[in-house]
Amino acid sequence: MSQVYSVAVVVGSLRKESYNRKVALALAELAPANLKLKIVEIGDLPLYNEDIDVDPPAAYKTFREQLRNSDAVLFVTPEYNRSVPGVLKNAIDVGSRPYGLSSWSGKPGAVISVSPGAVGGFGANHHLRQSLVFLDVPCMQQPEAYIGGAASLFDENGKLTEKTRPFLQTFIDKYAAWVERHQG
Amino acid sequence: MSQVYSVAVVVGSLRKESYNRKVALALAELAPANLKLKIVEIGDLPLYNEDIDVDPPAAYKTFREQLRNSDAVLFVTPEYNRSVPGVLKNAIDVGSRPYGLSSWSGKPGAVISVSPGAVGGFGANHHLRQSLVFLDVPCMQQPEAYIGGAASLFDENGKLTEKTRPFLQTFIDKYAAWVERHQG
Amino acid sequence: MSQVYSVAVVVGSLRKESYNRKVALALAELAPANLKLKIVEIGDLPLYNEDIDVDPPAAYKTFREQLRNSDAVLFVTPEYNRSVPGVLKNAIDVGSRPYGLSSWSGKPGAVISVSPGAVGGFGANHHLRQSLVFLDVPCMQQPEAYIGGAASLFDENGKLTEKTRPFLQTFIDKYAAWVERHQG
Amino acid sequence: MSQVYSVAVVVGSLRKESYNRKVALALAELAPANLKLKIVEIGDLPLYNEDIDVDPPAAYKTFREQLRNSDAVLFVTPEYNRSVPGVLKNAIDVGSRPYGLSSWSGKPGAVISVSPGAVGGFGANHHLRQSLVFLDVPCMQQPEAYIGGAASLFDENGKLTEKTRPFLQTFIDKYAAWVERHQG
């Protein structure tokens, strides 16, 4: 009997009809049996402020606990202004504190960026990776996932198009192997 | 009679005793007569969400108006997890929207990063600069300002030490020239 | 009678049929009357080594002199391995030395990245911009130029397609204004 | 009997008295018994040019073969102009070609940056990491190694100071574990 790994999925957009959220949900369906993906919500996290973290808001505590209870972390994010959206970076910051007690540490990770344009969120993808170095999140290198043309990923029924599905399947299968390699 | 330019100063830390805020205030004092620095607060900006921006929160409107009423923008920021703090990136994102109506566009800018460690916020400084390319904020290149050892910038009375002041004076004087060059 | 500015154009690929070289030549034709573009060759520069720079090779001297005799610098580059090609970075390094005597300093610059794929050399473009901060090359922010699909830029006769020309025309016109603003 | 892994060490400076080379040699001495470090020379690699790679120069062939015969790769580099030295980037480019036949692929890696100044080569370190994503070199995240104040790393007899040695010992021990985890 093989181990099942829980993956905290962080989505970088709060928009209800977010393409990134849809990609995250599609990945949850495509994931092999040993990976269980679950979106961790970040929209209610107060902007990080060390002063209020002396007595942390409930939302900080819940978020950190969800991370600590996960075996791995997966980021699905748009690019805002050539970098990581503030809302996602704020979640990174909240999870990284208090100093010396980061909830991210050692959890194997991967990054997918999804954008409407052609560049596919390259800037957000690599800025996020720079933070993951500090956070000691070993990050899958290949396949890189810069997904442009977000509007054409799904058909009129909200299903992944045949053009997109094989890539996401490969991505999540390789990520499962990465997660397994980095346990223990 | 020469022109006076108003500079919106954005501080990347919400901490009450933030070194970055102190550096911002010190710069306001050191600034030559033709630059008027004013901190623009970002701690009350709701996390950016396109859905709520259909009918923008008051805090969004106020912030954008403050930017539009300024002639230039100056960023003073710590580094969180090798990048721009979420709170500052969120302000960048709010100011950049709605799509096509960015409030940052064309305003001459500069970046100072201040951190307790030796590296001086290099990662935050350059990630922010990448966003400024997209935002069409012409950014002063030299002097670069990676200010490490934040704890020793001020003496016991909260005054800039003699070691720090000349550098900040040079910085703000050069910035004044940069702002002037980029008007009109 | 208006001033004419000489622009040193650095092409990041040595390939004879390089798309980047073709784009550089196309820009030279499109440039307004007050900009004179000239490609500065970098293929014969020995790999930078401080030890040999005590008595600099002729190629170093020539290159540095060409930069010093120019009023501005323009980079047209592919992306190699998500960053600046080694050959271009080597030219940057040679031009930046000896220490304290950089030949790049203060010359207004701009960056175009050209690649066969969709991402358009984003990684090379921004890594190069990071170096330009240190080199004190004030760098035009907009329009950003990430030119993907390089193979379809030119028609069968080697002429710019109608799809590409207007963008390059806008780019070089705005750059001319940037160069003018940064003289003196 | 445990496996011994051969590590190709790439040093980003050609200077004879390079601090980076000295750090590389010190790491070779500190390495645990299952890691065998060997510097791979890059100073004779012609600037990468796809045209000459049709019939590759002997130096290209030798370098690629050395990489393919190694189990892992370690980079020790200074920062030139806030990025990777051209000489090192050229080696990256040579090793990555011909297209589809990269010699770097899958080899576990790590990055140390060494510089005279305080910032410790942060810019070079992270630009290099961005290339390693594309090259599918899984890269150790912690400990990060931004080694500033290079001149004081060694005593007058060229021995590592007591201040420096424990960090490098930790680094190479953790890297040995990283290499082992990423075999097979």
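A, B, C and D label the chains in the order they appear, each numbered from 1.
By our rule, a residue touches a chain if its C-beta (ideal position, glycine included) is under 8 Å from a C-beta of that chain, and two chains touch if they have at least 3 such contacts.
It should be emphasised that the depicted structure is a prediction, and the values quoted were computed from it without experimental measurement.
Farthest chain from subunit C, judged by C-alpha centroids: A.
Taking A-B and B-C together, the pair of chains sharing more C-beta contacts is A-B.
For the pair subunit B and subunit C, the distance between C-alpha centroids works out to 30 Å. Looking at subunit A, one finds that residues 82, 123, 126, 130, 133-135 touch two or more other chains.
Put simply, subunit D touches subunit B in their complex at residues 82, 118-120, 122-123, 126, 146, 148. Residues of subunit C touching subunit B in their complex: 126, 129-130, 132-142, 144, 181-182. Subunit A makes touch with subunit B in their complex at residues 13-16, 43, 45, 47-51, 80-94, 96, 123, 127, 130-131, 133-135.
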